[in-house]
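Per-chain residue numbering starts at 1, and chain names A, B and C are given in the order in which the chains are listed.
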Amino acid sequence: MSRRHSPTRGAHPGTDRPAGCEDRQPVMEVQDLSVRYGNAPALRDVTLTIPRGCITAVVGPSGCGKSTFLTCLNRLSDLVPDCRVTGSVRFEDRDILNGDTDLVALRRRVGMIFQKPNPFPLSIRKNLTFPLRHHGSPSGKALEEKVEQILCQVGLWDEVKDRLDAPALELSGGQQQRLCLARALVLEPRVLLLDEPCSALDPITGGVVEDLILSLRGQYTVVVVTHNLAQARRIADEVAVFWVRHGVGTLIEDGPVGQIFDAPRSERTAEYVRGIRG
Amino acid sequence: MRDAPAPAVPSLPRGGTDWADRAVTAAVWSVALLFTGVFLWIVGDLVRHGLPHLSWGFLTDAPMDAGRAGGIAPILVSTFLIVGVCLAVSLPLGVGTAVFLAEFSRGESLPARLVRGSLDVLAGVPSIVFGLFGNALFSLYLGMGFSILSGGLTLACMVLPILIRSTEEGLRAVPDDYRKAAAALGLSRTATLWRILLPAATPGLVVGLVLGIGRALSETAALLFTSGYVARMPGSLLDSGRSLTVHIYDLAMNVPGGEANAYATAVVLVTLLLVINMLTFQIADRWLHRRITRT
Amino acid sequence: MSQPRGDASLIWAVRGLAVASGGIVLLIVAFLALEAIPALREVGLRRFFTDASWHPADGADRGAFNLVPMVAGTLTVATGAVLIATPLGIASALFCRFYAPGALGRAYRRLVELLAGIPSVVYGFWGLVVLTPLIRQWQPPGQSLLAGILILTVMILPTVALLSESSLRSIPAAYLRGATALGLSRWATIRGVALPAARSGIFTAVILATGRAVGETMAVLMVMGNIVQVPGSVFDPVRTLTANIALEMGYAMEVHRSALFVTGLMLMAIVVVLVAANARLGREGRRA
């Protein structure tokens, strides 16, 4: 039997995270968020509250602006030329869309995982230590322990402990995605943004990653974009349904997972979750 | 030029009864044969006349009797010094410019277009014009005289476009995923560049470097009036130094009876270039291989 | 776009380096112009084309500054080489791409790349000791316009061949499959589909080769005899603008030296025209 560290809730001393997401305390408050690429509007008037410790799933047909929405939450939208974001996103008592936001600090607090696993072309170890060191974290033994602890948390330790200095690109797709998750978690973010984290993986490895996401519940606030409704139903506490209206993405309904799937308020949502449209 | 992976091309139908088709086939094959023949003629001639004069002593001795006898030791040293100066200046300038073009400017922005346009012109400037420029700026205006420094700096201007283009392509070949991942982790662009992008772009940089060295080693006209003709062992970078190419030119044109040593020098030069060429192929192939296996 | 802190110095550094690299061309033009001014002022541009001969060493008043023979030399040798090298280079590219069996095509391509890497002074030397004696046996003196054209052809052929080949290679395979599916023969496919699709790339190749032919110094200097005269036949020795600079810079003084910088400016102008033509073609190629 392999030794497995079960992810322990509240593993980081000094932070008081709730054990679950029952209290629905807001962490991020999105107000009237609109995005344009050049002259083409991509997202219009999204207002949504992300509750602390919960898993919020963002679902909808392709092209409805789900991923665009996600990239606004850590200002990765800045990387896209001509991308203009308006509205406000409140996080830790600040509007992160403000020009004077410290992007390094923001992105450290709001981690992100992409659809395609994208480890750096470095060794497995360096993938974790490079970002840590850059943010001025411990070195030497403490660093080694941190690497082990985080790899255990994503269930990768037993698979890679003998080859930490091997290139990360030699790992399988699922392993790479878990390494990317570890790389984000090692910076101890409050919020994790996941952009279709399982869709580039085969069903079995996708399932492993999905279980992992579920294990983050309570300890982290998770926003996950998915086009897989069954997955949203399995893992989410809150669901936000996006739709394309007149060629522009917008939010049509959000609420607890039970409401969206069993008693949706909007006709479109009902048709979408029943698989009639979308 | 980058070796893009050749797309699977359907082989076109062969033969056929069409007379035009047959005539073109014959013509195309004869051109290829002719070209191969010329190549073998040139290389065979160099080897046949040059190899007998080559010896260890030829590489380690100083030239005597205006180059008719003796070796090319000081000329080799001068050549390497000139190339060294050229790289020491062009490398930081080239990599910095490539980083600007690939990472810190948008393709259509005015500064990027201006820099690109001026590099296109620079790439086409005849080498003798570089010679005029180097003579006016480095030798006279900046007072470096006919020196290895003047020659190296002139060549630096000349190889810059090659270096920049290759490094820029190397950077552009780095998947955007890395940039996104780095930004999402809150890494500064400086750290991303040094730790992720430049290492990943190294093959492009090395190809550019090797091509640049090749161009610098081959150059003659730009050196005639910048680094000069002096065939003595250089004592410093401010001494004049004769490059291999200038030596070949001088022996062939100005020294009756210098042919044999001109041949031998040409063999040394072409061998050097051949080794460099092979190196480029190796690196480019391995790079290509890695990019294919990864995707 | 706001940048994370700490990147400002990097951004300013690469901007500075880019400005420096981009500024070299301006520096070149500025220094050529600066050195050319005395000749342009004392001799004037017109006399470069109307004077009786080229005897620039006697000063602005008593000397003569006719560049026409050198311009004629440059134009004839470059035109001749480009005219021969273009069809041969395209044929060579076609061989590589469509006619040679796989391994042979790759080997041939490498051979062409090796030819492209041989220094011009080596070509010149080979031309001097091998080619010109052969021509001399046929039509003395051997060092001639013909020798220059032949050597330049061999030198720019790899440029045309390699660039045309990479342009042919970037044609979508679907085009070719479509033509083959129509039952067209190989040559009909090439003429009807491949060459038109690769047209702009081939133009670029020819333009770059022209630039190289105009700017080449060493090889033409060593095989063309360097007599200042408008060539009457391909067997006459001639001198090009570039060779003229290489031959006379060593001892030219004052107005003479300045006149050589005027020819440098002329060469520079030709390059700018060629690069601009190429950029224009490239834009049209993308639009088409």
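Here is the rule we go by: a contact is a pair of C-beta atoms (placed from the backbone, for glycine too) under 8 Å apart; a residue touches a chain by one contact, two chains touch by 3 or more.
These numbers come from a predicted model, not from an experiment.
The most distant chain from chain C is A, comparing centres defined as mean Cα coordinates.
Core chain by CA centroid proximity to the global CA centroid: B. Separating the centre of chain B from that of chain C, both taken as means of CA atoms, is a distance of 17 Å. Chain A and chain B, compared by their mean Cα positions, are separated by 48 Å. Centre to centre, using the average C-alpha position, chain A and chain C are separated by 56 Å.
The set of chain C residues that touch two or more partner chains comprises 3-6.
Contact of a single residue of chain A with at least two other chains is seen at positions 78, 103-104. Of all residues in chain B, those touching 2 or more other chains are 186, 188, listed in ascending order. Residues 3-7, 9-11, 13-28, 31-32, 34-35, 88, 91-92, 94-95, 97-100, 108, 110-115, 117-126, 128-130, 154, 157, 161-163, 166, 169-170, 172-173, 176-177, 180, 184-190, 208, 211, 214-218, 221-222, 242, 245-246, 249-250, 260-261, 264, 267-268, 271-272, 274-275, 278-279 of chain C touch chain B in their complex. Residues 106, 175, 177-188, 191, 195-196, 199-200, 294 of chain B are the ones touching chain A in the complex. Note for the complex: chain B touches chain C at residues 1, 4, 6-10, 12-14, 16, 18, 20-21, 24-25, 27-29, 31-32, 34-36, 38-39, 41-42, 45-46, 92-94, 96-97, 99-101, 103-105, 111, 114-115, 117-122, 124-133, 135-137, 141, 157, 160, 164, 186, 188-190, 193, 214, 217-221, 224-225, 245-246, 248-249, 252-253, 259, 262-263, 266, 269-270, 273-274, 277, 281. Put simply, chain A touches chain B in their complex at residues 74, 76, 78-79, 81, 103-108, 111-112, 114, 116, 118-122, 130-131, 134-135, 169, 180, 183-184, 187.
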